[in-house]
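Labels run A, B, C and D following the written order; every chain starts at residue 1.
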């Protein structure tokens, strides 16, 4: 095949990644903390910077960093979603060459330290490994403005010691796996959900509700495969939260193999397992409503 | 907005990730090594597994693992691209519910140990951090079969101590950055290139040529911004390798800030820098030929 | 200096590291989980393996792995300390060339998933990042046997938003730091404590008490420096737990720098900070009782 | 055991860790680069800071950071060892409460980019994963001054595809491992060597020679166990470099298991292996000359 057409710059974007912003609210003796990792990404009329090295349309990533910190002060970081919307809107509204802005936020959890059974006013211990995520995209100026919000959670590590099987699967010449009707099921979930609309609900309430739903369905679904569990989780979330249009779930199958103790004359009734690192299964599912609005730029990184 | 439409499973896929396959060729006293990390991903008629827990169409990920190792023996791992094409084709051809298969391969470099100035026959030292990558997708059975190949390199860390500036950029109320006409430019490149066709060239030769081109252009391009450097690199690769349809470059701007020694009465002529971790700039560019064939499933994970 | 003396093998040891043992207790519908990472290290009469390649005294690390899993079944992993003592004792007692054995255990926390306000019987969500640790050393056979136990916690990330200062410090020609009477104090603690004796108390109760003490003192100590906070924590732990002989604390000073918003005309009353990665302060302290028994092999890795 | 003795602060130290210093030499068009990670640790009369929060003896870690950068300018980073000696000496000599200072340096390798077969003047590509290390301790003021230097290398990943066996080992009731007379041997070495004296040789020449010796011995020693290989490496280094007093080697046994292809009717003559992550063997050896000078504070962190 002779490829001789002219070379064209197509998609391009730039920004400042991993601004580690920590915001305290200190109006009262009882302080509040928001601990986030913010990345900004701008799209727009930047071809001249790539092709000719002309920076006249390029707002420095250093400026984007400053802005991420400034916006943490005001409007502030009461909720990460509102903060991200404000920050993205700022870039689209005030920076002429910018056609769309995306703000990605990881939000780290902290729990108040307990002293004599009372929560301390200004001391916390880090909770994890799970991380709350948000990805907001704002495109278009003035009346053309559109906003997409994706909420999420990642590194949510779940395990159940029974209530999971894997059997009656397809086999071929390279299949040696024995079917099992009782196994450990463990995963480290990454879930993202796209909001159908913005406003009319509380971001944190929805987040807490989705997290609880994910945990509940993982626990209570008798699992014939991780695929089925993911689907059950996603389905329940969409059913319970009509503000959502779509949900994407990604899950490694973190294998816990029953250790062979029989070779030493010891019975192992699923009690002693080896937690393997690699390889691992990878299962992905997307569920959406038939009447979901278009995703537009929501999933574009 | 009232979302009441039925909930639908849309995109889904599954596979086995990070099979750490090491293949030796031992026909002669002078052994050869291929050290790869292989991930398999299958798409197809798997909805029943998600919705009903019916595994009858699901080839276990354990089987996929076995197959990745079997194919490392034969046809073998002479080149990662041919291996990945063979493995993907196997899944599409022989597993009835599979409509497409994607194989991702990371390939780690090893250099022969030198003893008394001579390369040793069977001992190597690991080279890095750079990693060669390949992503092959095969879709469709029989005459409908299509194959896409993406080559790549990641964790290619480059630095130049001069020949880079950043000035004449857009400013706003949050801009404090001083323009500079001499700075350090450093990045950890991720580059992927899509082949327009398969066959008629040597995979390894093309890889070596692209790597050399990336390094050369990074070194010799006077950089008015990382954007410009990325574009120059991508443009040169497409110009020199007509077998390519498209190239994607992703680059953190790994900031090296001149350390303020003037506060101690010491002149710092760009000699002492602080290599920062976070935040960092993020620059992305895609270049493609105007007459490039459709990307199809090439970039779908 | 002319060094011409004979070359001697001095310290040597070997073992199996990072056995990822997961132990379930399934006697009742309400399962229990112990999730640990176990490393075994043996010392003894192994010089011939090093010097002559003679393996006759070398128990394979593969065997040590099996044994770690076997012992998770019985005596089991009710507490990691008793498990580690049993495992170490086994190696010293039954493997003739072994003079001492050390078992290092990391123990990962899991919280029961809550469904409708009730704890689920067999589903957990991973808690972290903090990790409980134990290091047990057993030396000597028969009457000569000695046992040392070190408990610990690591990756315990703490932060207080006020109640911390740093002022009146030593200065020299390279000092530019301004004193501060209100700053964020944050760290990721590693603490290890050596038990003076074994038995007569409950391992888990002591652990919970020490963890609570560390949190309480971090919260309630007005800190003139991280040094002082560490000392206060260590001192309180020793005072409250007479079963301990010694405590070692290691703490990075995870800097949270007040972001300069004044350059944009915005007041920042310690509300917006930048969480830096590197460099970081490193503070270490060891406290022990004047009448502590000899540490012996307790701290030898 | 009733522990009632007073609680005493024993060992303590503090410093600034992971200063990422990059030093360029730009006197000529052909620039030079030194890319290092520097940690400073001070010991001395600091008890008041811990016990009473009195900072009057505490030189801020921020000052130590500045000093690490200042010293990169002058005397400079021609060799990491001389830089570290100068920096440590500065702290001991000029900071009254300091009794000893330790400087740890990781040094990252860069290779000049080649353009048209010629090395580029100011562009490099990162080499790794191996890292050169140095640890210098200076103690005592004036005539009492003592200096210890430890050189090293870490993350040196080596693999040989034959010339290694493991057989005739000790067995017990939990041993199932089959002896093998041909296996893959792979490791990621950490080696540290203590210099008997300072001066009279070239730091870089010794480093290059030791690295070459380690590689040569790993390659050419027929290995009956990783223990034997480590000993052979350490012994050769001490024999060839009389300026060294002691060497410590630490090596994971990175297992490469022959994949069971026989279950599919395929012969595997050690050609297809699985590179496992965890668990791994851990082998350690220390060799020193019988007439080595005392280690003093050399190995104290």
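Everything below uses one rule, namely that a contact is a pair of C-beta atoms (placed from the backbone, for glycine too) under 8 Å apart; a residue touches a chain by one contact, two chains touch by 3 or more.
What you see is a predicted model, and the numbers here were worked out from it, not measured in a lab.
Seen from the Cα centre of chain C, the chain whose own Cα centre is farthest off is B. The chain pair with the larger count of C-beta pairs in contact, out of A-D and A-C, is A-C.
Put simply, the C-alpha centre of chain A and that of chain C have 31 angstrom between them. One simple way to say how far apart two chains are is to compare their mean CA positions; for chain C and chain D this gives 23 Å. Here the spacing of chain A and chain D, counted between their Cα centres, is 38 Å.
Shared contact sites, meaning residues of chain B that touch two or more other chains, fall at 19-20, 66, 70, 174, 176, 264, 277-278.
Of all the residues in chain A, the ones that touch chain D in their complex are 173-174, 176, 263-264, 277-278.
For chain B in complex with chain A, the residues that touch the partner chain are 1-20, 39, 41, 46, 49-63, 65-67, 70, 94-95, 97, 166-172, 174-177, 196-197, 223-225, 227-228, 230-231, 234-235, 238-239, 242-245, 252-253, 278-293.
For chain D in complex with chain B, the residues that touch the partner chain are 19-26, 31, 33, 35, 66, 69-70, 72-74, 110, 113-116, 120, 122-130, 156-163, 184, 212, 215-216, 218-220, 256, 259, 261, 264, 266, 268-277.
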